[in-house]
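The first chain written gets the first letter, and so on, giving A, B and C; residue counts start at 1 in each chain.
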């Protein structure tokens, strides 16, 4: 009976809504994607390789992936801690911090870059303490990491929170009753269960960081070979009407994003292996 | 001051020696320091800088003609983009949530796709398509239609970037509601439209509103994709975020922050609505949970 | 009125008719295709082949909206965002009833269904029984030609279920609307319906009055499903089907054939004296079922037979677990030749319950 129900539905409007959905996706998503693919296919492999391996392109790609990795790692440590604290402990203001976790997601990236740059500048609220200590947060590679950490934070915390909420606390009690110490319980029971979530959050934050543009423009200074990220180089190439150069770098970014997403799907299947 | 919290699947362990108070305190302090640097300070800083030189300067920055035209353009783009994606989101959610068909997961993946494309790459795609040296550029130029470095291109780029929001909020809610209420409406003689209008739409209105809010926020705040296709013509193709960049490049920091503070305020409103929405769903969920457990207990009692 | 179906996966070559004003139950185990039959009639599914008639008109090509049926879903499918009043009024509103006529109709139904006080409540504020009444009122409001109910009492707890059954019979009297309802509970079908159709694996096994299907089951499935039935396997010797001391005439069977025989537990007469009846057995278990007692008898060959008698008889006869007794079978039915080797194990288990 169930299977018959699923194959047929008496509700009207299927053809119309599906048709419209496909038409709209075709115009807004598929055709522009096809334009990029077409442009990429016009490049010979040799040419493509030459365009993405210019010293400037390599430096930009290295910075993008390197800084994204470091930022995702910072989030994996502190984001996990924040998620843990928000789920497991009750303290004054907890709900407000919890609500504010989505702030980087809601804030336009341009504003994020602007305010972070000014915070870490020499006369900024944080810069005035950090710069004398030798930490330059604005117009440096560190600034790129700071901005990417900011935009990646919600992905980490929001991935982990539901997992921590659903974590069965009886297991911890059981471990404690069996005589395990708090640290041992954490390492043997909690950490392995959280690992897939941390990895998923890490990957999501990384994927977001690879494509990030708006916030970096403000905080990095965009110096070629020093603080120039790959998306910025795409914009430069476009402004030079070098469509081929822009396309080649864009394809690298896009392919990496898709690989990451495919990886996340695999990761989630693996993470759920005990639940089925 | 800091206590263990009840979570969805269990209360705090009551085993002796479950975590020392000092360790707990240290964890919370580190986490809050992190939240302070990456959440509170950036937020406060926007408003502090915007009002650094007082109300008059703040107000003056906002009534600057170029800023006013940026506000107008941002609102125009949003007013076109959000309804387009709203209608699309409803149609897509109806087809995906209420029917089974082949390649459905592919369609869902395609809807999610814009989230994983870098905004800059999005802009590039439209330039490759409509730019002067793009695939359709020469034809458009011959017919005197300008897409890139003009409003149509900015609308397209924004539509691409914000396409998933409404559909993604609606699909899970519609799926979990099932088809039975709609079928009941049909058996009572309602047409497809009446069913949608009186039965489906009211039951998803909160998710719909939430999707629209997110879509709206992103449409107003989008920077990368719009920047690539805008051409940065002051007073003509500058949106609010582009205006922030331009003022910043002109070393007019206070004005940049003044414009940014409008966007930050918008983000806060979005956040407030989102939080209210989540707290509401939690309450509804808790109520449903209670109702089913009540029903279960009465049933067990009677048998 | 005739309704005919072709075969979908769930419903196989089914054909039956419900008379105007009749109350008919479709009874069968879950997964038997009952719900699909209702959905086919309502137009929520399309038959692969075959025709459906309502009041003599072929309705295959009519969309759901035009069939003028009332459908009560198992989960009721009340509109969550509407009050009780607006739920009941929905069908009238979309059918463009005059405002006053609609209000009168809704108020009439609310009064009949004891919902007067609940007009402003939302479905989540109602009890299970109230929700069910709202669902039926909503289905009846636009005066449907046919009322279809899918497991109408499935989601209500046992105590209220009894009341609702009586209420449904009264309701049917009052509205006299042709009603078809689906259930897996044989007791419910027997009590409420004027006729019962028994559905198994998408096939209609038998249609008849409750008495007919109980006393003259068409086949073993019906016999086992309606009420409790002993089914044992006997071997034919000298024209008699035999097992231990049990012997029935088996006309039309050759010696050596295996025959399956069914009989109701209340047709088993038990005596404490081992020579009152011919068949011998030992009481293995005694079950207390309210005013009735159920005995599990073990025959010398190891086969089990189930007997049912009143508590008074049980006391009067002085029966007890472990006792040697004699018994006889007052009435039986030959179900047919045993078909496979598994049949013996089935016969060995003796008692089969129609209840869940």
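In this text, a residue touches a chain if its C-beta (ideal position, glycine included) is under 8 Å from a C-beta of that chain, and two chains touch if they have at least 3 such contacts.
Computed from a predicted model, the values in this text were never measured in an experiment.
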Winner on C-beta contact pairs when A-B is weighed against A-C: A-B
Centroid-based (C-alpha) most distant chain relative to subunit B: C
Gap in Å, rounded to a whole number, between the CA centres of subunit C and subunit B: 53
Where subunit A and subunit B are represented by their mean Cα positions, the distance between them in whole Å: 16
Averaged-CA centre spacing for the pair subunit C and subunit A, given as whole angstrom: 58
Multi-chain contact sites of subunit B, meaning residues that touch two or more partners: 183, 186, 191
Multi-chain contact residues (two or more partners), subunit A: 10
Multi-chain contact sites of subunit C, meaning residues that touch two or more partners: 43-44, 63-64
Subunit A to subunit C touching residues, read off their complex: 1, 3-5, 8, 10
Touching residues on subunit B, where the partner in the complex is subunit C: 180-181, 183-191, 194, 198-199, 202-203, 287-288, 291, 295, 298-299, 302-303
List of subunit C residues in touch with subunit A within their complex: 8-10, 31, 33, 35-36, 39, 43-46, 63-64
Touching residues on subunit B, where the partner in the complex is subunit A: 1-5, 7-15, 17-19, 24, 27-28, 30-32, 34-35, 37-43, 45-46, 49, 88, 91-92, 94-96, 98-101, 107, 110-111, 113-114, 116-129, 131, 133-135, 156, 159-160, 163, 179, 182-183, 186, 191-192, 195-196, 217, 220-224, 227-228, 240-242, 244-245, 248, 253, 256-257, 260, 263-264, 267-268, 270-272, 274-275
Residues on subunit C engaged by subunit B in the complex (per definition of touch): 42-44, 63-71, 73, 75, 77-82, 90-91, 94-95, 124, 128, 138-139, 141-142, 157-159
